Structure formats: C-alpha cells, structure tokens
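My structure is below; once you've seen it, I'll send some questions.
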C-alpha cells in the first residue's frame, strides 16, 4: 500500500510533541507572591529571584529546539518508515515529553544546598535522552534500511556518531555536576552550544 | 464537493490530541519538597520515591503511542470520511484526552492500601477506551463504506477483531486487579507488549 | 502572490487550538484525596463524587468537537482568505480557548447552591461563542467574498442562519438556567444533540 | 537534497507553539472560591472580580494572534530556510512560549499597588519579544538570502522596519507604565490595535 508521503503523520505527531513539551515548561514558573504592604521594588526583586526558573526554561527550551532541528534534518534523508522506527521515535518522544520534570527539579534546587543533586539528575536524564536518540538513529539502518538511495552511507555514519557522543558527554557532566554544580551547569550550556555548532556545521544552508 | 485529501484535517486534529494527551501526563508529576537541612541524599530518595508516577507515565504514554500507531495505520486503508466516522473519531479522542486522569489516580494510589481500586479503575477505564476504539472501527464499514476498494475485506475484519479483543481483556484485568493489584499491573504491561507485537505483526515494514 | 493552499496554515493553527482546548479540560479534574485509614470503598465513592467534573468535561469536549466539525466543513467551501476573516477566525479561536474556564466553574458549582449562577454563566459564555461564530461566518461573505464560485449562495445563507440561531438559543438557556439549573443543564445537552443532528443533516456523507 | 516544501515543518512546529502558547493562558485563570453560605450573587461578583485575568488573557491572546498573522504572511515571501533562520525562529518561539508568565504577573498585580511594576515588566518583556522578531526578520536577508526572487526588496525592507518599530515603542510604553500604569495599559492596547491595522494595511486581501 504505497503512500504519498509516508513520513507526514510521523512528522506531525513529532512536531506536536516537540512543540508542547517546549511550551509546558513555562507552566512550572509560578507568579511570585508579594505582601500587600511591601515596598514597590519588592516585586522586581521577587521577579529577579526567579532566575533559576528562567535559566532552566531557556536551557530546556534550547535543548528541545536543537533536538527538533536535528530530528527535522535527519528525517529529510529518509524515504520510508518501519515499525521499529515508529516505536524508536515514540521512545525518543517519551524522553522529550518528560523533560519538563527534570527542568522543574533543576529550577527548584539550583540555588540551594541540593544544587549538585539537581544538576546531576538533569545531566543524568540527558544521558537517557541521548541514548534514546542513538537507538532512533540506529533503526534508520536496520532491520529495514530507511535512508534514500542517493544519500551517501558516510552521512548516516556521521549522524550515528553524533548521537553516540551525547551519552558519554552527559555522563561525565553528571559526575562533575555532583561535586561542582556550577561547573556542571557550565558544561550543560557549553554542550548545548556545541550541538548547535555541530548542527550548523560548515554551512549555514539547510 | 471533492477534496484533495479528505482525511488531512482529521489526521491533524487527531495527531494534535494524541500529542497533547501524551505530553500533559508529565504535569501530574510534582517536584518533591525537601527540608532545607535534610541530608543531600534525601533529594535522590525523594526522586526515587516518585517511581509510581514514572511507571504510570510510561504506561500511559506507551498506551497512547500504540493507539496512535494503530490509528495511523488504520487511516491509511481509508479513502474518505463520513459524519458518523467523524463523531466516532471524536469519541475515541475524548477517551484518549481523559487518560491523564486515571493515570494520575494510578500514580497517586499504587503504593497505598488503595492499589486495588486504583489499578481496577485504570483497567476499567481501558475497557471504555477499547469500546470507543471498536465503535470507531465499526464506522469504517457502515453506514458508509470508507475503505479503499483495493483493500481486502479480510484486513478490515482483522482490524475489527483486534479492537474487539481489548474489551474483554481489560475487563478481566480490572477484576483481577481489584483483588491482586500487582498481578493486574503486570497484566496491563503484558497487554501493552501484546498490542505492540500485534501491531508489528509478522513484518517490520509499515 | 498566489499560494498552493492559502487555507493550510489557518487550518493547522485552528486545529492546534481546537485540539489543545479540548485536552486542557482534563487538567481541571483533580485526583481525590482519601484518608490513609479510610475503608477501601472510599476511593470509589470519591471518584464517583467527581461526576460534575466528568459531565462538564464531556459537555465541553463535545461542544468543541461539534464546532470543529462545523469549522472543518465550512472551510471546505472557501477558496481563499482575507485579513478580516483571519482576525474573525482569531476571535472565534479566542472564545474556544477560554472554554476550559466556564467549564471549570460549572464543574465546581453544579452540585452546590450556586448551580443556577454556574449554569447561567456557562450558557452566557456560549452566547458569546456563538456570536463570534456568527461574525466568522459573516466575514466569508464580505468585505471579500471567499466562497468558491461553484458553491450555491443558498448554502452560505444556510450556514449563516445556523450560526445565528445559537445566540438566542443560549440566551434563553441562560435565563432558564438561572432559575432552574437542572432544566438549563438539560437544555445545554439537548442543544448539543441538536447541533450534531444539524451538522449530520440529511446525509451521513461529508 | 531538494525538498518539496522546505518550510512545511517549520510552519507546523511554529503553528504548534503559537497555538499552545495561546491556549495555556487560560490555565492561569483560577475558579474563584465562594463560601458555601454566601449570598448567590457572590459568585457573580467573584467572577466579575477576575476582570484583570480576562483583560490580560485577551491582551496576550491578541498579541500572539497578531504575531501569528505576521509570521504567516512573512513566511509566504520565503522560498527556503537556512540554519541561522531556523535558530532565529527558535528564539522567536522561545519568547512567545514565555508570554503566559508576564501575562500571569500582569493579571495578578494590575489592580494592586504594584500595577506600575507589573505593567512595566509586561511592556519590558514585549521589548524583548520584538527584538527577537527583528533578529528573525534580519536572518531572512543574511547570511543566506531566503526571499523569493519575485518579491521586491522594498517589501523586505518594509517588513524589517515594522519589526524594528516595536522595540522603541514598547520601551517608551514600559517607562510610562512604571509611573502611570493605566496609561501604560492604554498604550499596550493602542499598540495592539496599531499592529492589527498595519498588518491589514491598505487592503483586506491576504
């Protein structure tokens, strides 16, 4: 049963999940309560005090965005789907859907004594996400080969290597973060910049 | 009034609902509160204590994913829609939209004395979902026959039988779960694996 | 600047809003709290006590579904858009987006002394929704005529009359509901059934 | 690797975010609590007392709608994407996703002593949004020129000037709002009307 575009609904469902997971992040940021007789500047101060929430929001939104750009570019080299690929895509989406939770934990505890645990758990969760991403890329190669015939094998290998790199990178980040939370946080931001650069590559064209 | 693709908006609306219902599940998982002077390991422990929420999240996300894959594959054998089918699809989406609620009940009570009630109500709700799914499949056959002429009747019959099997399976699971919650939970997971295998079938191609 | 399908993104944006407004309704239903030493049946009782929430959920989901079916069918007679139509569509979507709020008010107060106020405000809000729907249909006719040339004028007139009927119908329902809440609620359900029948019309085909 | 429509998924992801950000706004409006023995009119009064929430909801929904109409119309002059444009679009979506938060702050404090701070922070946030919008428009021109060859350069220049105007306009509004909150609020509404008129322009056709 041939189809005009066998990837269209997969894209629609995935785009929906990417979009919603990004958007739900804002629900974790609560309006600060100020005493009615507090000085006016108090509301500014309370809004500024929410910086961990803003930081976590930007970090997670940015991570989901990079993953969306990669997902978007990767699907373009495919010509078909398989059932293992549909389920691997589902697993990837599951891990993305869950991101608001470690983000909320990070935002809640980043400026407390528990910063190490919070940052390590965030990085630990990223290990899991990257593992799902790697499985997803692997099901492009087998059991059914999904890639368009005009795409060189080297491109697929490069994609798989890129997804593989994430697992050890976030594992190390998690261990560092446990002892030195702010270094771990810096590594998270640096890795994010690294993925962006990697996805932009040597060309700015898509 | 002919249309290029009469199913396109039905798919878009359905994909939106499937995607959002999956994603809202995470909002039910709340960041644990830890006393400021608690030992550092306390946050890990509290995060681990949330296992019923994680389990319920994965179970429901997985169920919605399987239903999405089936919905996706079923729509591909159709060539048109009818108003009864639009409303039957609406009823199916209603039942899917509601899934975050029984999921939250399951997560809240699975490790309490009320585990039996929570698991039974989750399975009971699945009876309802599967019933809606069966009605949905039935409206493909009548009052207007929606299936493409090149699709063998046997394929539609197989689809209907599959949707029909869900109702008694979850009914039994619900009754068992009422007395033996962990057996019921095991059955829920087993049924989920069974639907995945059934949807993959003898071929990994879509 | 011609476009392949000038309505495609309007549909995507509208479908997104319809889908999300339907799905957010479930977030208003909270998991009941049960005392740890309560009899097991207590959780069943508490789940059953949430009937106003279930009823409001089904009523609002159903209303949004009927509006989606009508929106879907109405767009099919158009061949283009205009800026007034884009903004009228925006106003319609605004009213649909807001539906979770009167729904939550209805669910919260339907079984209290305030049932009359809650039902009347729900019906009153439906007046507003139907008014937006009527404006939306009016901008199909002017200032730019958007309907395909092969569609008879009578069909557009019938559509406008149908949207116009909603305003007085919900106005009367609101006034009745203020004095007799359960009659008002019955009228809401009856009107919903009426719109479904009207949209199905004399044919089950789309 | 050519693509049939290189903008299709960008539109789908963007439409998803616009739609969800609009819809989440309603979650910030909470059902008022009324004492069980209060006079019946009390519920009406409490519903009326929520006017700041309704106002903020309409203001933000309207702003997102205008941005969506502009986004929609701007994408129509493009023939391709570039990676900088994908990330600039991501930044724009990030700012839109965040809108429910300043909206909730505005709704919470508009009728308190803190009205100036709340309105100023809302306008200040709009400065940021408009800045992202301007970057977005700039990446249409470079480093890769994305506009269709048949679109006159003047049209792109007009688009950029329009996006540029937003930054100083909201900056002034923010400063005024700090001292005179209701004037600031009036300016916010006036600016919104102004963008609508600007987007409708001299023609009602799209």
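In this document, chain identifiers A, B, C and D correspond to the written order of the chains, with residue numbering beginning at 1 in each.
Keep in mind that, in the parts below, a residue touches a chain if its C-beta (ideal position, glycine included) is under 8 Å from a C-beta of that chain, and two chains touch if they have at least 3 such contacts.
What you see is a predicted model, and the numbers here were worked out from it, not measured in a lab.
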Neighbouring chains common to chain B and chain D, by label:
A, C
Report, in degrees rounded to the nearest 5, the angle of the rotation taking chain B onto chain C when the C-alpha atoms are fitted.
90
Chain C-chain D contact: same residues or different, taking over half shared as same?
different
Between chain A and chain D, centroid-to-centroid distance (C-alpha), Å:
25
How many Å are there between the centre of chain A and the centre of chain C, using C-alpha atoms for each centre?
35
Give the residues of chain C that touch two or more other chains, as numbers and ranges in rising order.
12, 16, 19-20, 24, 27
Which of the residues in chain B end up touching chain A in this complex?
11-12, 15-16, 18-20, 22-27, 29, 31, 34, 36, 40, 43-44, 47, 57-58, 61-62, 65, 68-69, 72, 76-77, 150-151, 196, 199-201, 203-206
In the complex, chain A touches chain B at residues 1, 3, 6, 9, 12-13, 16-17, 19-21, 24, 27-28, 80-84, 86-87, 90, 93-94, 97-98, 100-101, 104-105, 108-109, 112-114, 116-118, 121, 143-144
